[in-house]
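Each of the next two complexes has subunit A plus one more chain, namely subunit B in the first and subunit C in the second.
== the complex of A and B ==
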């Protein structure tokens, strides 16, 4: 679940920049790399009789994760995360488009209106969804009063989990798309229209390709936290919507099995790294083509 | 076992879980703050001589460490007024979180462990003795013939004083379901298919299935665990979800039948809903898990004297009654029991008789391999 950022290195690096980099590098090594190292080491560990995790050289945890139940969970989590990315993109693009190209002097206020609610804890917002969507909640009460429906079971379904993930992470899709639309030279859209494209064709052959980078970046930023999330599945999910995040979290809590949790984390990181490499290759070639 | 955080909608359920999220994050964070030595130390020594009891004399403000909202605020305020000390409160959201903070060396004057954690803390020498002779109201819990003179989790009652007792059963909506049979099998009820919840709690879920199969609630035998796994998987088509947010699932209409804790049910029925007659509770005939919480004083407490005075104060029957009316869990305080029976008079199944504790259905402290075997079964059930 790492953000494997691929930052373009600035060609010129003066020694001042080098020094400025030292502090964040030290920070990352101390708190990020070291915790990763502990997780990797612990994945070969064991649990002592009194329940403490201990370092060891056992591969038992890796053999244990080779379990078809876990594979099924991984595929389920993958499907939820992909659905989250697609839905987030469908929501985020129009929102970012309207703000960037038609927001005028309200642009910053509109972006703030999107970002500020995300300062509230994700968990609190999830509880709010529970209150809204429960069988006797506000939405169902309104439906019943209006005679539109006898009530819809929203909660504890896969759709609810995906909905929670979209709601939780869509802002990470809106911001990069907004940034790339902001930078877009609107004269290319006018050029498209001048060349007798309709608005739809202009959008698909000019605007969308020009803002690909934002979309690709957003997809990554939504996909990674969605895949590792456990809150949505725990609060909005049902009996069969368990995700990888829940599985890992359970090993660290009730399961009293940090080494297994660590091995699952490492296994998931490995699988994600492969997926990321494939994704980055594909998207960078595409970006070069355009 | 974990309780829900204070951010609850109506008012927090007492024993409902804070289902994950913030709370779990926080407790994980807490456990991650374990000092480095925690990784390398192996099996700790067992049964060192117990640290001596403190005298019940005020020796400073009380540093209090409990579940959020787990004592009546009026009682805590009364203590501060009467003794002129402050109560400095911090909260934990899971026993693991509480244990991690103690293990990391944080100093608290009083903690409220669940029975099996008393076993663990006592074994590791983390609790001070509590001499009942220091407590004026000790006879309220340690009278002749009392179960708590020698409870299973604290032989001789050396380091703990009983706080609450509770059982796990089934709550249901009488206006929606008419075919309850006073059995755990009711969690497979056809009428309520898709609106049944099982507690998202490893011990409770496995215990429920174990009781149906007539196994020990703490079983870690492979063959028995396999049977339990199959039984629990067969339940999934009836389930809406695994959740310990029992009070809210019932009030929101999402649950028609809920595997739940007795005190949560009583709180829901007597303290929360408009029409209590729509809700009922049963303690299935196959037997139910009965468990208890205790007061305890950590060895490194800075003000153990104040903690002793505080425990004594909580044992006063009038304070126990106030707490029961707030928590809806019975306190095994002799002169307060009639008041609880009165509180639970419409749902006697919520009452916990002290004699109930003598059954074998308590959650014991298990070995790591046993916990992990049980966890693997629970994981497979939830993941399948």
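== the complex of A and C ==
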């Protein structure tokens, strides 16, 4: 085909694809980008005397959230989210390893058996834990019947909240690790065994470094929803285990101080962005080294 | 298979962790399902088999209204996000300019934004432009959130289709629009069905976005369930929870299986794991 014949056609093509992009782009600008702009604007706003949120140019909300109570809550959320990531990784790696390398023909079925309940109602799964761990729940009644204990208060503890977060999001760790193990050339492991002897040393010096990308990706995918979550702390915890998400939720649904809630949300997003940039830089240089 | 034989020694510890993991994963869910058939109100001792809690559910008008609302929301959000997400995927696959990359990045943002942020931002937007909170606002928010899922899945499939096929259709005299309609879209059908089922299940179960963007009446099902859970656990919630789990599990299983019916041998899990193992 000559060049003169192709050129008008490709120009025509570009305009068609450009046209296809127009509507969804307009939608995203109208409903997503603009909503983010509004929340930033309102974070500088104030509450009028009759209780309505109004735009303004005050930094009062940001000064209000810069206090010990909120900082403690922020650090607690961060600690819970990091704990969730670490525990998820410790659970997810062996599970993904067994399924990817020893799953044989049941591989897909096993992964589906993990994915299906995880994509089924997050709320109902949190409720399931609440029912199981409550004072008159199955676990406590089993403990009482066996005479091991008079019952343990599981709920309203940090452990319950972190456990809920792990239960909620561990699948986001399993899938990327599984994918990276699947891609792994197992002859590398064999070579490692010849070189290093012992399966443990081989694992830490060959397998783990080779699947770093999956682990890093999974950490991010678990961290993001865990940090913003409020359902786990609300259903499995109490006021002493509240996270940033609970604070934001209170300002919007209960406290009705929307400008303050907006400032909290923007602060949370800013902290997340900084953490993500630092994390991505650190992990990309480490990935390059390996 | 050969691979499994080469790694002759099973890692005992990892296998044990996996077994415990599966028990931990299913035990709470199975307990909810079991006690939904409990004749007694207790959550720890089983009095006998009964469907009384299910019977109660089907006579609870407020709950049935919520169920209907959630079905409507999920249907509308699925259709809307399928159309917009597919347009976006088709456009992004071909527009490789800087503008295309920026648009691509922006549309993926909802995936990395904590849902609570998307939720409160949508609430502010709707109140700001004077839109009364209702089922419509939930649908608008859910479409915005779901477009990214459809786009990711459809782009994964598109990357597997050679652009030359479309080119060939053009050479045979198709207009660009006809080439998309007659050649590209039909090959996307399995991906679209899979994405549609996935989005339907996600939206039907979605609590956070619905919580912030819903009006008073009728509340979507997860929002209604949430307000009753906050006041404690009860057999009635076990029953509705079991129904919700079963419904979404069936949808997800279908989402995993349908694309497989079209391409024998390809792993249906590509839908979930990113599809980069083509």
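Criterion: the second predicted complex is superposed on the first by the 252 of 290 C-alpha atoms of A that agree within 3 Å, B and C clash if a C-alpha of one lies under 4 Å from a C-alpha of the other, contacts with A are read in each partner's own complex, and residues count from 1 in each chain.
Going forward, a residue touches a chain if its C-beta (ideal position, glycine included) is under 8 Å from a C-beta of that chain, and two chains touch if they have at least 3 such contacts.
Note that the coordinates shown come from a computational prediction; the quantities given were computed from them, not determined experimentally.
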**Message:** Quick check for you: in the superposed arrangement, does A:111 touch first (subunit B), second (subunit C), both or neither?
**Reply:** second
| query | Is A:54 touching the first partner subunit B, the second partner subunit C, both, or neither of them? | reply | first
*asked:* Output check: A:101 vs subunit B and subunit C. Expected answer is one of first, second, both, neither. What do you get?
replied: second
### Query
Thinking of the overlay built on chain A, is A:155 touched by subunit B (first), by subunit C (second), by both, or by neither?
first
Determine, under the contact definition given at the top, whether A:137 touches first (subunit B), second (subunit C), both, or neither.
both
Max touched-residue count on subunit A (subunit B vs subunit C) belongs to chain C
Message = Going by the contact rule set out at the top, does A:129 touch subunit B (first), subunit C (second), both, or neither?
response = second
- Message: Is A:204 touching anything from subunit B or subunit C once the two structures are fitted on A? First, second, both or neither.
- Response: neither
Next item on the list: Go through the superposed model and pick first if A:70 touches only subunit B, second if only subunit C, both, or neither.
Entry: first
Inset, instruction - Please work out whether A:234 is in contact with subunit B alone, subunit C alone, both, or neither, and reply first, second, both or neither. - result: both
Subunit A residues where the subunit B and subunit C footprints coincide 42, 121-124, 126-127, 130-131, 134, 136-137, 230-231, 234-235, 249, 252-253
Per the touch rule above, subunit B residues touching subunit A in the complex are 2, 7, 9, 19-22, 24, 27-28, 31, 38-44, 94, 96, 120, 124, 194, 198, 200-202, 236, 239-242, 248, 251-254, 367-368, 371-372, 375-376, 378-380, 382-384
As the complex stands, subunit A meets subunit C at residues 9, 12-14, 16-18, 20-21, 23-25, 27-28, 31-36, 38-39, 42, 91, 94-95, 97-99, 101-105, 108, 111-117, 119-132, 134, 136-138, 140-141, 167, 175-176, 178-179, 182-183, 186, 189-190, 199, 224-225, 227-231, 234-235, 245, 248-249, 252-253, 258, 261-262, 265, 268-269, 272
Listed in rising order, the residues of subunit A that touch subunit B in the complex are 42, 47-55, 69-70, 72-73, 121-124, 126-127, 130-131, 134-137, 153, 155-156, 230-231, 234-235, 237-240, 242, 246-247, 249-257, 260
Residue set of subunit C touching subunit A in the complex reads 1, 3-4, 6-7, 9-11, 13-15, 17-18, 21-22, 24-29, 31-32, 35, 42-45, 84-85, 87-88, 90-92, 94-95, 100, 103, 106-107, 109-110, 112-118, 120-125, 128, 140-141, 143-144, 147, 170, 176-177, 180, 198, 201-202, 205, 207-208, 211-212, 222, 225-226, 229-230, 233, 237-238, 241, 244-245, 248-249, 252-253, 256, 267-269, 272-274, 276-277
